[in-house]
Amino acid sequence: MKKAAVVGGTGYAALELIRILENHPFLELTTVISQSEEGNDIAERYPHLHTIRTDSFKNMEAAAACDVIFLAAPAGVASKLIPALSASKSQIIDLSGDLRLEDSETYEKWYGLEPPDKAMQQQAVYGLPEVNRESIRGAKLLSNPGCFATAAILGMYPAVKQQLIEPGTIMMDGKTGVSGAGRKMSMMTHFSETNENIKAYRTGAHQHVPEIEEHLGKAAGIKTPVYLQTHLMPMTRGIMVTSYGRLACSATELQDAYKTAYEHEPFTRYRISGPMPQTKDVYGSSYCDIGVFADERSGTLMTVAVIDNLMKGAAGQAVQNCNIMNDWPEHSGLQMVPQYP
Amino acid sequence: MKKAAVVGGTGYAALELIRILENHPFLELTTVISQSEEGNDIAERYPHLHTIRTDSFKNMEAAAACDVIFLAAPAGVASKLIPALSASKSQIIDLSGDLRLEDSETYEKWYGLEPPDKAMQQQAVYGLPEVNRESIRGAKLLSNPGCFATAAILGMYPAVKQQLIEPGTIMMDGKTGVSGAGRKMSMMTHFSETNENIKAYRTGAHQHVPEIEEHLGKAAGIKTPVYLQTHLMPMTRGIMVTSYGRLACSATELQDAYKTAYEHEPFTRYRISGPMPQTKDVYGSSYCDIGVFADERSGTLMTVAVIDNLMKGAAGQAVQNCNIMNDWPEHSGLQMVPQYP
Amino acid sequence: MKKAAVVGGTGYAALELIRILENHPFLELTTVISQSEEGNDIAERYPHLHTIRTDSFKNMEAAAACDVIFLAAPAGVASKLIPALSASKSQIIDLSGDLRLEDSETYEKWYGLEPPDKAMQQQAVYGLPEVNRESIRGAKLLSNPGCFATAAILGMYPAVKQQLIEPGTIMMDGKTGVSGAGRKMSMMTHFSETNENIKAYRTGAHQHVPEIEEHLGKAAGIKTPVYLQTHLMPMTRGIMVTSYGRLACSATELQDAYKTAYEHEPFTRYRISGPMPQTKDVYGSSYCDIGVFADERSGTLMTVAVIDNLMKGAAGQAVQNCNIMNDWPEHSGLQMVPQYP
Amino acid sequence: MKKAAVVGGTGYAALELIRILENHPFLELTTVISQSEEGNDIAERYPHLHTIRTDSFKNMEAAAACDVIFLAAPAGVASKLIPALSASKSQIIDLSGDLRLEDSETYEKWYGLEPPDKAMQQQAVYGLPEVNRESIRGAKLLSNPGCFATAAILGMYPAVKQQLIEPGTIMMDGKTGVSGAGRKMSMMTHFSETNENIKAYRTGAHQHVPEIEEHLGKAAGIKTPVYLQTHLMPMTRGIMVTSYGRLACSATELQDAYKTAYEHEPFTRYRISGPMPQTKDVYGSSYCDIGVFADERSGTLMTVAVIDNLMKGAAGQAVQNCNIMNDWPEHSGLQMVPQYP
């Protein structure tokens, strides 16, 4: 058993890492780190962990003894923690957005934060196994993709790569559950404002846009601008990205493209016929389900990609990446069946 | 006071008509008709109407004595009821989809039903006041628009009319609360299947697509195909249509187009700046709120239109049309403030 | 038209007062007061009021010119505002809990705040029309009941008054929507923590307990301790209080007691048979619906009382009290039909 | 590996059994039986099982080859299937209510169905491990407790057994998510009727009442009538039973009673202090969390017990019983951490 630490232990991604790692066959979560809660009993803070976690929150120094460190800290904070950790031989998996963009100016523009050290960014491997599994294998510093970006890229990259869509016509409609905004309180996460309501937000300004453009471009070998409008849904978990573009292929070519891309993938499931995916189909699991449709009548290509934003969109993908980095079976710790209903 | 009847009195649109008409200054709801519930006490069936409605459900014959008849029956049923009613001098307002399409084949293809009589269809006036108020004034038989169609057309018609968008590039992402599916039971309206879930449905086949294409085309004077993907949301009320297309104008032209179209409208509110509309902004009211955005970076035009599907999307718009047909102030009975939160 | 002011204009009770007063036949809402938002456009802060309110938030000084002042400020704040206002001839209706308890020590114990001035408390009339309509008529300073207290007292007072229940055996199970906690952010009102979850809270400590005991005792003429356990529900609006006690009567006596108490009430609806009330039956309206049941098998009396916490539990009852204070028809401004579904 | 069959494979309890058994170390789910879906692909019917179940629904004959048969069929149906199965050496675990009551008349009265064969009922062991683990060990035919009954009995039995409550004063307020009603369509499970709504239902008539009285009585050694009022909550999963009674002990005695009863239990967690349990604390897991409170002021004892109705209230408890019957570690297959949020 290797030893793992989770940093930022009071957020939802950290809770999900705890949920996964309690049943991981090769990795033991020995250390949950939270600067603000140091010394406090984990189960007192999170009663659902009563009798499961009997330890307390630790400080950053405890991370050094671990083989794998999951950074579940916010953007702007995570990258500042890395230099001190890099001295150790630990593998570092960063769930924040800090290391996902190669261009510092782009980071600064979309995040509104000072960009991280350029060398650190370049060392980090972007961890979307479906598109760059091989480069993940050797990684020591891994940048875990964003939740919208994961669904957006997986939904569209086979079509873009095979040139089945007109470049420059991609419009993405993103729909997310509220847990994507984390535990931080805001009017947008206030129950009475969000329940029985849907809301378009961060128009023209979502920080996953440049991530999608950069990594969809790399994956497909074709650069294309993307418009993403994000919407907040009255539910806790789940992301759906419905993507649209001008159709430049037949239905058969479309199906072939997705089959080629995903037929051997352990977590990305492509269904050729039947109803379009719904977020409940992947609830609590690390699957990404994708449906595609070619509307010849209007000349439109449409894809629907769904994930659990805390699993394939965060903690689940982080563990999948960790498994690849350590040459463990890729599904280790991730074999939970989607919870339905 | 004129007298009104509601036919199909057990459905949600009928309940909403009852809610509105109880406080209408010129129209008294004397007759609630339901063939299946004839003779039963209304308040026993719907306890929320206890002490408000003390009468019982009537049969179709009771309609003849009324000045205005609201048909809240399903597509395929409504048009069969009209011939018998037309003999009277009553004004008829049909909330079903039966009379919205001028082409019988199109109706048959998208509804999967035998098309209504051609002459009846031609007599019916499509009732979207923002685009054809004058022709509504003289109407005796009115076809009330569909819920998705109302939001879709109002959201995009100023941009299409002013040629601010490339024809043939319009993609619409529709999101609806579950009440749009009515009281009829189905797995899609089953709580456990729909709560904490979002789902794309009726891909390439929603019957509001030809309605949008026909009436958006008429309103704007430009024919354009439209792709609409509808999604079911875990909420009861509210529709949002997020529309996308290739931008062919400046932000200023866009604002001018919406200002010109809507600045004097009593129920369509266009906000130039600030956050995009959310469905809660119009909850329980007959407003349609619209936000527009020109993303020059990606060359995308995006609009968001929200309505309460049972109000501006059904009963509220039916009463607005009725007010116009009778030369009453257009807001009569419709001055409820949106309920927030 | 008399002129009204709402103080504390950014909270949910204030929004609901605005919703009601926009359509009140005798009262015009001229002044919305918020110290923190003074000078800001109301509709910019609350887009659902766009085109409805074109004025801005005012400061406290603007209240003096009004005939009726609704205080929708938090407990501890409201009573501090009253002395300055009392100089004017305005009627004051306080929606906070500050003036509901006659005993200062009890207030201090349950609210954890310094008690308000004793003379002011004694001048205030508790405004629950169903039990003390006559004393409300002459009131100049009115204390509007709490949301749980309204449902709890209305649900049980006929049974207690007619001695149909064993004193000292009353246990109340309160269930509330999240809007009862207001717009203030907290983990309890965070969507992801509250959605798809029910939670017992403030065990043995809810500040409405002494209010229920005092005013149920006064209404019934019998003092009885009450246990109330409150629970948070994953919904925005609505309160249900399910009350239990040892049965000391027949089913007929029970029905008679409720009939006597409520048959002429405009807003409290008592249904003798059929399904128990649900919160949706009163949604958006000022009704209180009550169902009663005598379980002879186990010797239990059970009542269910439902209200919309923002209406009969706050703003609606405040306006009902205001109507009584001014000798207007009691339902003025309150004739909205419950919104269903 | 032993082989398992699930009968009634299209319902929610069956889906939950599938979710658990996919990761059970000693039991392989070889056979999913549904008469109505025989021959159909499981994953086509339930897309969330795509790539997980590649087999099809079987008919009843396939059960005979299995070592353990889980009957997830409705009351009235399940007991009719048992005689044919009893010929085999299979262990049978019945999740329906058919075999829970020893008295046929009581069954007939509360279920409104013909009672099952008396001998079969007497052979069946009621499977609530916390109160009768030893008799479960030898069982060949096991009757799995009801969802409300599980939470109700576990919440109150230590208090009743230790005589810390006055007999005859127990009132239970049950709150359930909608999945407890299964996949069968009804107005009560219709989204638009249930969302943003709470509703008291089956007043004086819930079929778990006699089950609670019988098995709480046996567990505690004291017979006591119980009143249970059930309420439907706008959520999918989770049951809370808040129980009330006249206090006849000190807070210390209360704590001792629960500690004695539960300190070594693997799935029933008793927390002495801190916030009361919420349903989210056990979401997706087989835990039952209990909080107790002695209100000396009003002389009330209150307990709160929460479970996931599909886990500890159905499939999870069935697997726990199966583990005991087979002398496997009791938590086998059940070590999932509650999913939060």
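In order of appearance the chains are A, B, C and D, and numbering begins at 1 in each one.
By definition in this document, contacts are C-beta pairs under 8 Å (C-beta built on N, C-alpha and C of every residue); 3 or more make two chains touch, one makes a residue touch a chain.
Bear in mind the structure is a predicted one, so any value in this text is a computation, not a measurement.
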**Request:** Quick one: point me to the chain whose Cα centre is farthest from that of chain C.
**Result:** A
**Asked** Any idea whether C-D or B-C has more C-beta pairs in contact?
**Response** C-D
**Message:** On a C-alpha centroid basis, what's the spacing between chain B and chain C, in Å?
**Reply:** 36
**Item:** Distance from chain C to chain A - Cα centre to Cα centre, in angstrom
**Value:** 45
**Asked** In whole angstrom, how far does the Cα centroid of chain C sit from the Cα centroid of chain D?
**Response** 38
**Message:** If a residue has to touch 2 or more other chains to count, which residues of chain D qualify?
**Reply:** 12, 177, 179, 192-193, 195-196, 234-237, 275, 277, 280, 283, 341
**Residues on chain B engaged by chain D in the complex (per definition of touch)** = 12, 177-179, 181, 183, 185-187, 189-196, 234-236
**Request:** Can you check the complex and tell me which residues of chain B touch chain C?
**Result:** 12, 15, 18-19, 22-23, 44, 46-52, 179, 195-196, 236-237, 269, 271, 274-275, 277, 280-285, 289, 335-341
**Asked** Which residues, counting only chain B, touch chain A once they are in their complex?
**Response** 168-169, 171, 173, 175, 177, 192-193, 195-201, 203-204, 225-227, 229, 231, 233-238, 240, 242, 244, 246, 275-280, 283, 291, 293, 295, 297-300, 302, 304, 341
